[in-house]
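As structure tokens, here come the structures.
Next come two complexes, and both contain subunit A; in the first it sits with subunit B, in the second with subunit C.
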Partner chain A sequence: MTVAIVGVGYTDVRSTTPDVSFKESMFEAAVKAYEDAGVNPRKDIGSFITAAEDYYEGYSIFDEFVPDQLGAVLRPVCTVGGDGLLGLITGAMQIETGVFDVVAVEAHSKASDILTLENIMTFAFDPVYNRAFDAHPFFVAGLEMRRFMHETKTSREQCAEVVVKNRRNAIDNPAAVYPAKITVDDVLNSEVIAEPLTRSDVSQMADGTYVIVLASEKKAKKLSDKPIWMKGLGWCSDTPWLESREWGSTVYTHLAKERAYKMAGITNPRKQIDFAEVDDWFSYKELQHIAALGLCEKRKAGKLLQKGSFNRDGQTPVNVSGGRFGVGNLLEASALQSVLECVLQLRSEAGKRQIKDATTAVAQSWRGVPTGTGCVAVLSNEL
Partner chain B sequence: MSFEKIRDPRRVRHWKGDMECDYIYTAGIAGEKFFTTIRDKAKLLATRCAKCKITYLPPRIYCERCQASLDNWIEVPKTGTIETFTTVHMDNNGAPLSKPITLAFIRIDETDGGLIHEIGGTKPEALKIGMRVEAVFQSKSKRTGALTDIKYFKPV
Partner chain C sequence: MSEKFKEFPGTPLSSRDIKSGKVLTFKWRPNAKYAWTVGIAYGRFLEELKNGRIIGRKCRECSRVLVPPRMFCEQCFRPTDEWVFVKNTGRINTFSLSYLDADARRIKTPIPVAVIDLDGASPGIGILHKLGNVDPKRIHIGMRVRAVWKPAKQREGSITDIKYWEPI
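The block that comes next holds the complex of A and B.
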């Protein structure tokens, strides 16, 4: 059996949302998703899943704060302490059990309510070995970026091109907060945070909410005339010990991809994957993820990106939505922004940025420093 | 009806809240042995999984690759190689640092691990990946059994 996405609902992405609570944003996205799927949450949806991290939310035991606005009171509900894609994979597995035939998955960002994001990130570090320094937590990104550039002979300019591309792509995405025509020099000349990483190498925060409705194969065929099939799923965690990791590459993506591609029958990703939405928390991270997904030869991501291979009209378009750089960094919800873009493209509903004749896409996620955890999903409009 | 404009939207729309989260963290069997040895002897200890041929630094009492218990403690050199480094210009609140700090991941010799630590005794411009460094310990009276018992790593 293959699980399908049969409904998507989402709010506008905005840099701040002082007028609505996170619950009201979830309500808006949920109503739209249920409408899109043609389901009644009180009757048709068997289980509800949110992907959230307590410290980003400002609540202990955040799971308790999600049922009412999703139509999930007195129903099976759980929260996954991971990104939206892990939530989606969990939903697919619940359907695979045969217990539920329709599941709703939610993730959101209310980043504008977080006053001390740096402190929360530092609190994610090992307290004994990694919290001893009065340094911005992005020092880990600085260390990773330098090692990646060293191992792959990627230039500083090639990393900056990721930012230029994604913010340019966002110009054609009405949902994006940070569309811009910027230059490589703009990125290079911005304030340095942790050499070689500058402020412009870091995606900017935004608020937004996504709800996605999943259905079993049988149910999806009844509910939707454009189901998007979840053909391959994988997820993986590297060791949490920074001291035991490889600093230049992302083994978690590589292994998650192996699993997802095997399940989906992808043997030649460069031919079989029409476009990709990958994590771009930091500029260099997109290049690492492109390589780990097998969308180019090892060590060539920077050079090929510079040549335009991952542009909207390139060999494998990457982050046509604008990614975290263009749409905005939605914390755990960016993974569902990636899934949404895949769904819109595969349904031919992506407007001005529509990629022609696309049938198969890959969405990939990462949870930011200092994590070594990410997911990969292969999505297709063909069963 | 009032036409007075609310100029600070937080006055009606937001409540400020703090999460006061104070914890103590247990170093554990491996951490305690590692840090007391640094404090008392200015030496680095590691554990080794003979089966996987992995030497763990920071030491652990288990192997993350085969799940075996590890009690094979070995002393390792205080020297290593800079695998990557960064000069950080902001503090952990996001404010500019008056004095930037240079951090590196140092692969400690004879281990498969290492330590993230400050680099001292040289200018950041002089640093290169692959450079050899050694740990400089605090004087014995100042050591408390923490990572900061190593002042920094300096080029050798």
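The block that comes next holds the complex of A and C.
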């Protein structure tokens, strides 16, 4: 059995949302998703999943606060402590059990409510060994970027091109907060955060909410004219030891992809994958993830990106939505922003940024520093 | 084990050893600060508390009046329809006397906490608050109570704009 996405709903992404609570924002996204799927949550949806991190929310046991606005009161509800894609994979597995026909998955960012985001990130570090240096947590990205550039001979300019491309892509995405025409020099000349990382190498935070409705194969065919099939799924965690990690490449993506591609029958990703939405929290991360997904030769991501291979009209378009750089960094919800873009493209509903004749896409996620955790999903409009 | 070994080898550990740093620990105080957006429903509720009034939202489908207000009805899964003021009187649904403070210190005078079904809201819907001006022994389920407000100038749009609830 293959599980399908049969409905998507989302709010506008904005840099700050002082007018609505996270509950009101979730209600809006949920109503839109259920309408898109043609389901009544009080009758038709068997289980509800929120992908959320308690410390981003400022609530412990956050799943207690989600049922009302999802239509999930007195129904099976759980929170997955991971990104939106892990929530989606969990939903697919719940359907695979045969217990549920329809499952709703939600993820949101209310980053503007968090006053001490740096400290929350540091709180994810090993308390005994890694918290004692008084440095902003992005120093971990500096360590990773340096080793990645060293091992792959990638240049600063090539990393900067990621930012230029993604913010340019966002110009055609009405949901994006940070579209811009900028240059490589703009990125290189912005202030240093943690060498070699500059401020412009870091995506900016935003608020937004996504709800996605999943259905079993049988149910999906009844509910939707354009079901998007979840053909391959994988997730993986690297060691938490910053002292002994493979800094140059993202092993978690490589292994998650192996599993997802095997399930989906992808043997030649460069030919079989039409476009990709990958994590780009930092500029160099997109290059790492492109390589780990097998969308180019191991050390060529930077060079090929510079040549335009991952542009909207390139060989394999990457982050046509604008990614975290263009749309905005939505914490755990960016993974569902990636899935949303895949769905819109595969349904031919992506407007001005539509990629022609796309049938198969890959969405990939990463949970940010200091994690080595991420997911991969292969999505297709063909069963 | 205990049958074979009368005495366990090793050095016994005392609380003095821990206090004097012989046993190593790592302390960390998280700096987790938030400013939650109140949004439409909480926002109006707090604004009305400042005015000395309690407001709810009504769902026309199930006819319930929800307090605190919500912009959506969780049972019907639709937007709620209108703002409705409810009374600042009600009846105790359940209560407890807490002999520990928020930091788990034992206190002599217990804090009486209650769920109060409000007059004008739907049955089983109301407010969670403190009781005051009452002998703890007299508190009972079904007791009629009313809100005691802070003076208007001291109200700031907070649940503590109501000082406590007292017997009628």
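To be clear about the criterion, the second predicted complex is superposed on the first by the 383 of 383 C-alpha atoms of A that agree within 3 Å, B and C clash if a C-alpha of one lies under 4 Å from a C-alpha of the other, contacts with A are read in each partner's own complex, and residues count from 1 in each chain.
To be clear about the criterion, a residue touches a chain if its C-beta (ideal position, glycine included) is under 8 Å from a C-beta of that chain, and two chains touch if they have at least 3 such contacts.
This is a predicted model, so every value here is computed, not measured.
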First (subunit B), second (subunit C), both or neither touched by A:P67: second
Which of subunit B and subunit C A:P127 touches, first, second, both or neither: both
Subunit B versus subunit C as contact partner of A:A194, first or second or both or neither: first
Partner chain(s) touched by A:P137 [first = subunit B, second = subunit C, both, neither]: first
Which superposed partner A:E243 touches (first subunit B, second subunit C, both, neither): first
Touched partner set for A:I114, first subunit B, second subunit C, both or neither: second
If touched residues of subunit A are counted for subunit B and for subunit C, the larger one: B
Contacts of A:R42 with subunit B and subunit C, given as first, second, both or neither: second
Contacts of A:K23 with subunit B and subunit C, given as first, second, both or neither: second
Contacts of A:T267 with subunit B and subunit C, given as first, second, both or neither: neither
Residues of subunit A that lie at the interface with subunit B and also at the interface with subunit C: 18-19, 55, 58, 113, 115-116, 119, 123, 127-128
Subunit C - residues contacting subunit A, complex: 26, 28, 30-42, 70-72, 74-77, 79
Touch list for subunit A against partner subunit C, complex: 17-24, 27, 40-42, 55, 58, 67-69, 71, 73, 110, 112-116, 119-120, 123, 127-128, 131
Subunit A - residues contacting subunit B, complex: 18-19, 55, 58, 60, 113, 115-119, 122-123, 127-130, 132-139, 142-147, 150, 191-197, 239, 241-244, 247-248
Subunit A contact footprint on subunit B (complex, rising order): 9, 13-14, 16-17, 19, 21, 23, 25, 27, 31, 56-58, 64, 83-94, 97, 101, 103-105, 112-116, 118, 124, 129, 146-148
